[in-house]
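What follows is a pair of complexes built around chain A, which joins chain B in one and chain C in the other.
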Partner chain A sequence: MNVSLTKAQFFLLLFIFQTGVVYIAFQTPLIIYSRNSSWLIFIVASVIHYGLLLFFERYHSYFYLNVFFRWVYQIYWLLLTAVFIAYMSYVLASWVLPQTPEWIVVVIIVALSLYANLSRPETAINIGVMLIPIIFLFVIFLMLAIPDLTWSNLFPIEWKNTKQIGAGLIHSIYAYFGIEMYLIYRPFLQKDLQVKGKPLLIYQLVIFVFYFISVLFTQMFFSVDEISLIPEPIMYILKSQEVTFVKRLDIFFVYIWLSWSIVTIMIFGLSFRILHFIKQKKHPTRSIIVYHILLAILPLFVIHFRSIEFIKNSLHYVFIFFTFLLPIVIIGWNKWRGKSVS
Partner chain B sequence: MYRKELMIVMAVLLLAGCWDERLYKNSSVVTLVGIEGYVGAYRGYYAYPTTAAQETEIIEAEGISPREVRTKANLKVEQTLDLSELSTILVSDQTAREPIYDLLDIYFRNPQNPISIKMAITEGDVKPFVDLTKNIASSAGGYYQRFIESSEDNTYFPKIDLQAVGSMLFDQTIDIALPYFQLSEDKKHAVASGLALFSGPTYTGTVLSPAQSLMMLLLMNQNSKAARMSYLWKNDGKVNPITVDVLKVKRKWTVNEELRTIDMAYTIEVEVEEFANDHLYKKEIFQDVQQMIEEKVQAEFEDVLRILQNQKSDTLGIGRHIRAYHPKMFKGDWHAEFASLLLKPKVQVKIIRTGVLR
Partner chain C sequence: MDRVEYMMKSLQKAFYHSSDLTVRQVDWHEGNTAILCFYASLVDAKEVQKVLDTIYARLDTAKPFWSETLITTLEKFSLPQAIERVCQGETIVILPDTGKMLTLTIVNEVRRNLEEPNNESILRGSHEGLIERVDTNLALIRRRVNNPALVVKSFTIGRQTKTKAYYLYMEGVIKPETLQEMEKRIETLHIDYFYSTGQLSDALEDSVLSPFPQLLSTEHPDRVVANLVEGKVVVMTDISPTAFIGPVTFFSFYQTPDDYNGRVVVGSFYKIVRLLSFITAVFLPAFYIAIISFHFEVLPLELSNQVKNDINDIPYRPLIEALILEIIMELIRESSIRLPQSVGQTIGIVGGLVIGDAIVSAGLVSNLMVIVVALTAISSYVVPSVELNSTIRMIRFPFMVLASLFGFLGIVVGVVILLIHLINLTSLKQPYFSPIIPFQPKAVIKIFLRWPFFKPTVQVTSFQSPKDEQAKNEDTP
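Our next item is the complex of A and B:
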């Protein structure tokens, strides 16, 4: 596939991909397991993430995927996208569209992704630009909750409880899932551009601050025992804010989150295209349509409370494998064999 | 090529709105809810404005749970009750003796219900308090909401909404204190009578008077727009009233983990708002008045703290402070622990303004 990315496009793609879908919900499992120490454990997780980014930047040329691993990642992304669409539909049904049939919501999301992926790759790459101002609105309106925050919720820090730290780090992965996309899109960056050093650090700082604010606000807004009841804490904080221009601020932001998440789904589709069409294939449109038909069908099997809960309680293990372990193993294996991406 | 598909998607998008369209003109928009009873036998009151008669209609129903009460109330109205414009929830004091989260779950669970609303406890049945709003042309819930907000501005009630109540109910380290209403002697008005103290999820049965409520809020460092205290100053056999308004409260808690004591140092800066005796520019008068206020506030602080400890009601959030900064001292059963602490308030009052007179 013939794609050429600028630095801005590359990092925007990563940012939208990493933050979409999970931004409203990743705080809950983190705080359930890390309790008062969550914010500190999240800082540690962010440092680990930055270390991984540096590692990926240094060895990205060794991330060569053979046919088997290409299919592994394509199937993983297909299933993960289906799960995300199911979750998006579930959240919409819970918060704003309780009467609307879930399949309608799924079809709309998939149709938008199909449209973007039948177009030129630049459509999915650049569409995230329109989200930048509205994503900042999220943070700005979160600031309304500052008077309701309880600073003492950030303490005590239990730094000796290794089980708690481990569980917290593992659940922090929800925030930083999908970093394998760095390796997928890195070869498409324009040849003369450098990302190591300052650009990578700035990206890490931006995504860290964006997430860290949400962790701090969630931890200070809800009591530790209360948070286990709140699956989408950011939405709940926004719901509890009173503004004069709209009765329910949460509805406004559910739709912002939805559009943001739809772009994430589009980028998943684009990633699928990149791996699938790495070599020239016949009937590219048909493959994309089949991928999207599967996306429209698979989520319908899991849009209910028990399945969503099961997925939420186990997805971090899947992320650890596909986001961290497998890329490291592939890089190590190819480096040993001396095989790299041309 | 894709224009047709895009049009279809747009059409489907418009279609999706139809299922979840809710119009106020098709609903009875409830602004005030009153609830009394206990699990298995609740009675609820729903006040909503009628456009025709320009007055408030009140619907009463019974049920085994708060949600069933509402379901049954729907059988008595021509249009389904809609609580999205709810302003206030009133709960009878007897009902609040049971864990009140049972009443509130439906408000937190359903996103259509607002959670930035007010909540209050009534002395005795809720019904007469709801009935008071019958002749109010504007929102019945708005009446109590304004009432509560006005008392919040005068530092008689803490600034908390339903979300804060829910949050504190799940937090073992702080207790809630809710506005308490009584009926006036002629039964024609509601009277803000102080704060109903809770210990954990249940009402203790103790109500702080408005003056004690103000002291409690000063202890919490939550003085609002006005926090007025009036005393009688005696000098040369004459009695002079003096009223001061609290401008600023500074507090510092020092915890001694071994002795299990907390030194609670408060510096309260006030402005004199009423003192017909005048002559505050005279040093001896100024200091005598300042000391008299200091002693009174000191005594009232001690009194309020004694009540809170007797009721095991940690409305000040001392538990939060201890858990955060002295975790070794924090015990699981915080309420029992709180009652056994030695709390030593030390008040310093500073008159920093005297109005436009000396």
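Our next item is the complex of A and C:
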């Protein structure tokens, strides 16, 4: 596939992809398991994430995927996208569209992704630019909650319970899932551009600050014991804000989050395209359509409260495997064999 | 039948015995005979006579270059060439004895005055407008660019009509790929009868079925010049005052010469107002429909009580209400364009005030809906381009339908589809949604603010974004 990315496009793609679906909800499991120490554990998780980014940057050329691993990742992304679509449909049904059949929402999301992916690759790469102002809006309106925050919720920090720290770190992975995309898109970066050093650090700082604000706000807005009742804490914080011009601020932000998540789904589609068409194949349009038909069918099996909860409680193990372990194993194996991406 | 008589009959036959064709036998030098042929409708006969008298006088003095003047040429006679010359409004004098043909270029100029274009009013700056004569238009442009780098190339459109047309560009400023693309499209023009500029824009645009115009049309010579120095190519024809400019971006349609003729701060303010008007023009009715139909809870309590009181007695769904008013609005607009100007204004007042008031009193639509539709109409007319203005008025309808089906979700769906379409769109194969896609932060600021004008900006040529720090194509090369 003939695509070349600039640094801005590359990092924007990663940012939208990593933050898209999970931003409103990842705080809950983190705080449930880490309690008052969540913010500190999240800082540690971010340092680990940065270390992984540095590792990926150094050895990205060894991330060569053979046919088997290409299929593994394609199936993983297909299933992950289907789960995300199911979750988006579930959130919409709980927050704003209780009467609308869920399959309609699924079909709409998939149709938009299909349209974007049948267009040239630059469309899915660049469409995230349109989200920049509305993401800023998200953070600005979150700031309205500052008077309601309780600073004492951040303390006391418990740093002795290893089990708690481990569980917190594992659940922080929701924030940094999908970092394997770094390895997928890195070869498409324009040849003469350097990302190691300052650009990578800036990216890490931006995404860290963006997430860290949400962790701090959630922890300070809700008590540790009530957080288990709040599945999408950011939406609840926005819902509780009183402004003169609208009564339910959260409704607008549900749709902002939806647009953001739709773009994430499009980028998943693009990643599938990139892996699937790494070698010239016949009938590219047909493969994209088949992928989207599967995407429209698979979520329908999991759009139930129990299934969504089960997946939410176990997805981090999948992330650990596909986001951290498998890329490291593939890189190590290829380095040992001396095989790299040409 | 002698030779001259035979040639005259052949000429008349070639021109299908048109009534305005003049084919006449005239005496020539040293007792020879010549055939004079021209379209009386296109030629100033008195001027022709004067020039012929001059030619006779030259022949009598036996000057070697008797036929060569600024408006006459002597060439070998051939019937197809003679037909082409006469069709272009020239006069030919056929000399059967020598097999030659004298061509006199004395066209009866029918042209209107240089008036300000009605559809592109401006407050400050030049009020001259292009007209339906391309040589006058070229003069208006050349007068503004006293530089040989302004290149004018001619071509003909219409295999049968053979209409004269020109494309212009600034050598050294235009990107070679832009020029090549335009020349390629001009070469592949397949039009038999050319009579409307719409045919030309259809043939030159990248995506004819898109609702968005991909060539900027203008009748302002200063706007043409402003675009030429930004590396764009301009196409003009001899039958219309409209000049087509390409490649353009979506935001080109929001610019007006007034932005740059006024103060920096004022120009910036109105640029922002105009761009924000796009949001109200497209989304306001859809937003209203979504709130009334799906998301009533977003309204503050005081406002929601008022809205409830206002819409309680309306028998129709908000979409039908909006459609009734929008269609009335379109009818008023269409009728005021077709009628003479004085009557058109009356129709506007009658339509806007009388029908608006009556329709609310009759309980067909709510007061709020009248406010929404009126605001939307005003916002849509803020766009300086007639083409984009029509597009905006049209695309609000699908948004209204989507909002009535899915509320805000419908609007989100519409916005995503619109964005994907705009990102996919190209003008002469160059990104239409630039500088947002590909993203150039410095150029994005220029969309909203009118900087002190020192250097024109040249559009990017590909979807591959320029390198991060140094925005390629940012300034004129």
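Following the convention adopted for this analysis, the second predicted complex is superposed on the first by the 342 of 342 C-alpha atoms of A that agree within 3 Å, B and C clash if a C-alpha of one lies under 4 Å from a C-alpha of the other, contacts with A are read in each partner's own complex, and residues count from 1 in each chain.
Rule of thumb we're sticking to: a residue touches a chain if its C-beta (ideal position, glycine included) is under 8 Å from a C-beta of that chain, and two chains touch if they have at least 3 such contacts.
This structure is a prediction, so every number in the text was calculated from the model and none was measured.
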Q. Counting only touches as set out at the top, which of chain B and chain C does A:115 meet: first, second, both, neither?
A. both
Q: Check whether A:222 is in contact with chain B, with chain C, with both or with neither, and answer first, second, both or neither.
A: first
(Q) Taking the superposition on A as described, I'd like to know which of chain B and chain C A:161 touches: first, second, both or neither. (A) neither
Q. When the two structures are overlaid on chain A, which partner does A:150 contact: first (chain B), second (chain C), both, or neither?
A. first
Q: In the overlay, answer first, second, both or neither for which of chain B and chain C A:61 touches.
A: neither
Q) Is A:307 in contact with chain B, with chain C, with both, or with neither (first, second, both, neither)? A) neither
Q) In the superposed arrangement, which partner chain does A:94 touch: chain B (first), chain C (second), both, or neither? A) first
Q: In the overlay, answer first, second, both or neither for which of chain B and chain C A:126 touches.
A: second
Q.
So in the superposed three-chain picture, is A:240 touching just chain B, just chain C, both, or none of them (first/second/both/neither)?
A. first
Q | Set intersection of chain A contacts, chain C complex versus chain B complex | A | 96-97, 100, 104-105, 108, 112, 115, 119, 247-248
**Q.** Contacting residues of chain C [partner chain A, same complex]
**A.** 294-295, 297-301, 304, 406-409, 411-413, 415-417, 419-420, 423-424, 436-439, 463-468
Q. Can you list the chain A residues touching chain B in their complex?
A. 36, 94-101, 104-105, 107-108, 111-112, 114-115, 118-119, 148, 150, 152-156, 221-226, 229, 239-242, 247-248, 250
(Q) Can you tell me which positions in chain A touch chain C when the two form their complex? (A) 4, 6-9, 12, 92, 96-97, 100, 104-105, 108, 112, 115-116, 119-120, 122-123, 126-127, 129-130, 190, 193, 244-248, 251-252, 255, 258-259, 262
Q | List of chain B residues in touch with chain A within their complex | A | 2, 5-6, 8-9, 12-13, 15-16, 19-20, 84-85, 111-112, 114-116, 161, 163-164, 166-168, 170-172, 317, 320-321, 323-325, 327
